[in-house]
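A, B, C and D label the chains in the order they appear, each numbered from 1.
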Amino acid sequence: MSEKVYNIDDLQNINVEGEKYIILQIGPSHPGSGHMRLKVWLDGDIIVKVDPDIGFVHRTSEWLSERREWIKAVPIVERIMLPDTVHANLAYVLTVEKLLGIEPPPRAQYLRSLVAEINRITSHLYGIGIFGIFLGSSTVYMWAFGDREPFIDLMEMLTGARITTSYIIPGGVRWDLPNGFKERAETVLQYMERRLKDYEDIWVKNPVVQARTINVGTLKKEDAIRLGVVGPNLRASGVYYDTRKHHPYAAYSNLDFEVPTMKNGDSYDRLLIRVEEIKQSIKLIRQILKDIPEGKIIADQIYNQLNPVMKKNYEEKKRVMFPAFMIHMRPPAGEASAKVEAGRGEIFFYIKSTGDKYPYRFRWVTPSFRNLPYFTHVTVGHRLADLPTIYGSIDYFPPEADR
Amino acid sequence: MSEVRKPRDPLTGHVKALAKGFKYLVEPNRMTLDYPAETMKLPPNYRGFFTVDDKKCIGCSMCEMVCPPEAITMVPRIIGEGGKTIPAPEGEKEVKGPKRTKRPVVNWGKCIFCYFCVDVCPVDAFIPTQVHDLAFEKDSEYRPSYEDYLKPPEEPYKNSKKVISKADLKRGVSYEPAP
Amino acid sequence: MADAEGLIYLGNLDDVAKKALEFLNKSEFIKKTLSWGIDFSLWPVHLMTSCCGAEFAAAASPRFDLERLGFLPFGGPRQTNLLVVEGTTTIKMARVVKRVYEQMPNPKWVIAMGACAMDGGIFFNSYNTIVAREYLPVDAYVPGCPPRPEALARAVLLIQEKIKREKDALLGVKNEH
Amino acid sequence: MNIKDELSKISTNLVIDEKRANYKIIIDEPSKLIDVANSIKNLGFDHVVSVTGVDYPDKIEVIWHVSSYSSEELKGIDLAISMTVKKPEPLKQTDAQGNINVNRPPVTVPSLVSVWPSGIFSEREAFEMFGIIFDGHPDLRYLMLPEDFYGTWPLRKDFTYQKPKVFIE
């Protein structure tokens, strides 16, 4: 920690003009920085100020979605949040369903939760693997990315794509559970539970990791609330808030799960909370596969519009095809907002419709964007060598923040 | 939950980590797919390259309308006198005079494999395949003409061993020969 | 003495080097060895331009393990010879990509990975994106959004074939015939 | 605590959409904004989720979505604070080549960063996308777009774009 005390609270007012600080530009071509640039002011090797320069992956998703038919925004929001595709898809569809006034049937709700939880595990493993790279441990990267594959295989079996699933549509989902899914999922879950014990020895409780992460990048509870950070990072700071509990969507109101919280809010806690959430997701997947009700996977309003060829396909292959309604969807005028807990935190959608074939205003906020204060506030006072630790521990995904 | 956070003392911590590493050195869980020598046969609903059934298609343009990246363009297809764009398929020989209709062509340089077009087709005319590993050397190659598009996509490594992936309790993913 | 002065090009080392290079370049053995060496050491620069980087990472992970093909992501552009444009490049990013490409030593290759890098994909009409072909000479295109890691492996194999095919051009001096 | 009563005490312009669980406070006078925001904060809404604008032909609506982490009762509620400002007339200029350049002036609203520091990046984004100048924002700069986009305000409805001709020097 630095000898000089820097006032974290009004960081933006720090005058760096006249002082003799080293200015270091990290990124965007840098193995650690991903697709963003960090402008760091250094006093010796103590970080005085960090100015994140984002926007290298700003792909104008809001602008594009306001100029396309409603259904075409589903792939767009997925591509923005690549490790959390299902959640982005779900959040958008929930908002559109609120505008349309459609309620999906219970089986579809459970399927949505199922895919979301599988996706959450892959997302956390992705985060843990990248954190490993940041700390210089390629073993963990190899482990986490390898263990992501059985779950991606499950997603592929159910939805037909590795990552960009486009699985959830207004009114329901596109495919039903295939044969043999439950047995395969059980095998994968048992495998993951066994591996999590190995992770503990080689990574989570490794003294090197503990030495590099404990008391690094601490964000206290009141600061976390004030800065409005989201997701596992918020819960690592001790705030009990999870959108699945407080804004229940899909099947989460019928499911029994815990929301793990930590106390200290440092990098080590942010690592632990991801491991704990993987355990909770494993529990949830078991529960969903046990409780999943029989029935339709698409709302009646959509089902009735299918033509005979599509209905035959639905009965034989359990595959929902799109009626012409999907292209010409015009939700009634009004505004709606929805929140979904993705792997990295809370997605917020606000959509305004004027009853036209395009959304009038399409606004969404992604978790990584709301975690930006970590760079400006938490890094201050640490040594430069701690910056990768903090960056890796908040699981920041730049394309998601830039939208 | 805070009982998880108990710093381990360095000696046992290092020993345990090294022991675990040694365990995986002796008994590795290998999940590598030896790619060009063995290729994966993907599940039947996998969204790979696709082609269209010329006889089933009615030229309604629904796929063009739903395509999010606007990768599908409808090209004219003329049968009969004058038009030579497409040779008339069998069973349509009795057509007199030019018969104009439209057919979809996909630009692989824009396609995102969401299969909205396949699902919106009212006559289910698209033929999905599980071909997933194509790459092109020139930018003209991935914009096929309608005649080229009608041919089903060719797998690059036809003679390789076909495997399917399987969940494995010990290794996570294992492979077995495709049926 | 006078004869010797005629034989040795004193003070004209550039000429000697050029002649030696031309001699080496004509030798079939050298060319084969060189292309064989390069095609199994295609090191991509560790530059993520967009979300296809997630599948790029999966391609380097144990399941697909492109290190088998000599594909090892590396940090500094000076040590690499392959640039993978992973998905969309925004205008802000393209300037960086171009600079990184210029820093890489010759010979170098470019893979345009994903629909966005090929013809724009789903972001084709955005005001802030640009396709790879407009600012870089692309050697292989990989369709998909994102492409499967196998498809990236296929592109690497394509580039290996290309290196073997165009082994004459590897030393930077073209052969006359 | 009855949230509806508490909110209607703060402002009379409270719109509630029961079906979609939307709460929206409409502010008619810019001078009241900070006072209302402070009383909302004292109620327990402690962070900003999103700051954005909605562009209409003659006006811009600025919306702050706020929510709560600390109060157990308010965790499930999203509150929108909306303020509408009139857009100034766009200035048309004809340059030497005869091209008509439309200069679209920005609008000004008070900033709420002093109340909710969590809105600092969102307000910068709203500034570059809509041309909303947040009066009192400590660091109002471009966030995502390159500086040469200045003055175009991409998310306004009259934004037209041309692919840049000269791209890399």
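To be clear about the criterion, contacts are C-beta pairs under 8 Å (C-beta built on N, C-alpha and C of every residue); 3 or more make two chains touch, one makes a residue touch a chain.
Given the structure is predicted, the values throughout are model-derived calculations rather than measurements.
By C-beta contact pairs, the most connected chain pair is A-B. Note: centroid distance chain A to chain B, computed from Cα atoms, is 26 Å. Between chain C and chain D, the centres computed from C-alpha atoms are 46 Å apart.
Here the spacing of chain A and chain C, counted between their Cα centres, is 34 Å. Between the Cα centres of chain B and chain C there is a gap of 26 Å. Looking at chain C, one finds that residues 62-63, 92, 121-122, 127-128, 145, 148 touch two or more other chains. Residues of chain B found to touch two or more other chains are 31, 68-69, 112-114, 173.
Residue positions 145-146, 154, 159 of chain D are each in touch with at least two other chains. Shown are all chain pairs that touch, namely A-B, A-C, A-D, B-C, C-D.
Residues 1-2, 4-5, 7-10, 13-14, 16-17, 19-21, 31, 42-43, 45-47, 62, 65-66, 68-69, 112-116, 119-124, 165-170, 172-173 of chain B are the ones that touch chain A when the two sit in their complex. Per the touch definition, chain A reaches chain D in the complex via residues 10, 12-13, 54-55, 58, 60, 62-63, 66, 98, 101, 224-228, 234, 239, 241, 246-247, 334-337, 339, 346, 348, 350, 352, 360-361, 363, 365, 369-370, 372-373, 402. Listed in rising order, the residues of chain A touching chain B in the complex are 68-69, 71-72, 74-76, 79, 139, 146-147, 149-150, 153-154, 156-157, 159-161, 164, 166, 174-175, 178, 184-185, 187-188, 190-191, 194-195, 198, 201-202, 205-207, 210, 214, 260-264, 268-269, 272, 276, 307, 309-310, 313, 319-322, 324, 326-327.
Within the complex formed with chain B, the chain C residues making contact are 62-65, 68, 115, 118-122, 124, 133, 138-145, 148, 150-151, 153-155, 157-158, 162. Interface of chain C with chain A (complex): residues 45-51, 53-55, 57-58, 60-63, 73, 75, 77, 88, 90, 92-93, 96, 99-100, 121-123, 125-129, 145-146, 148.
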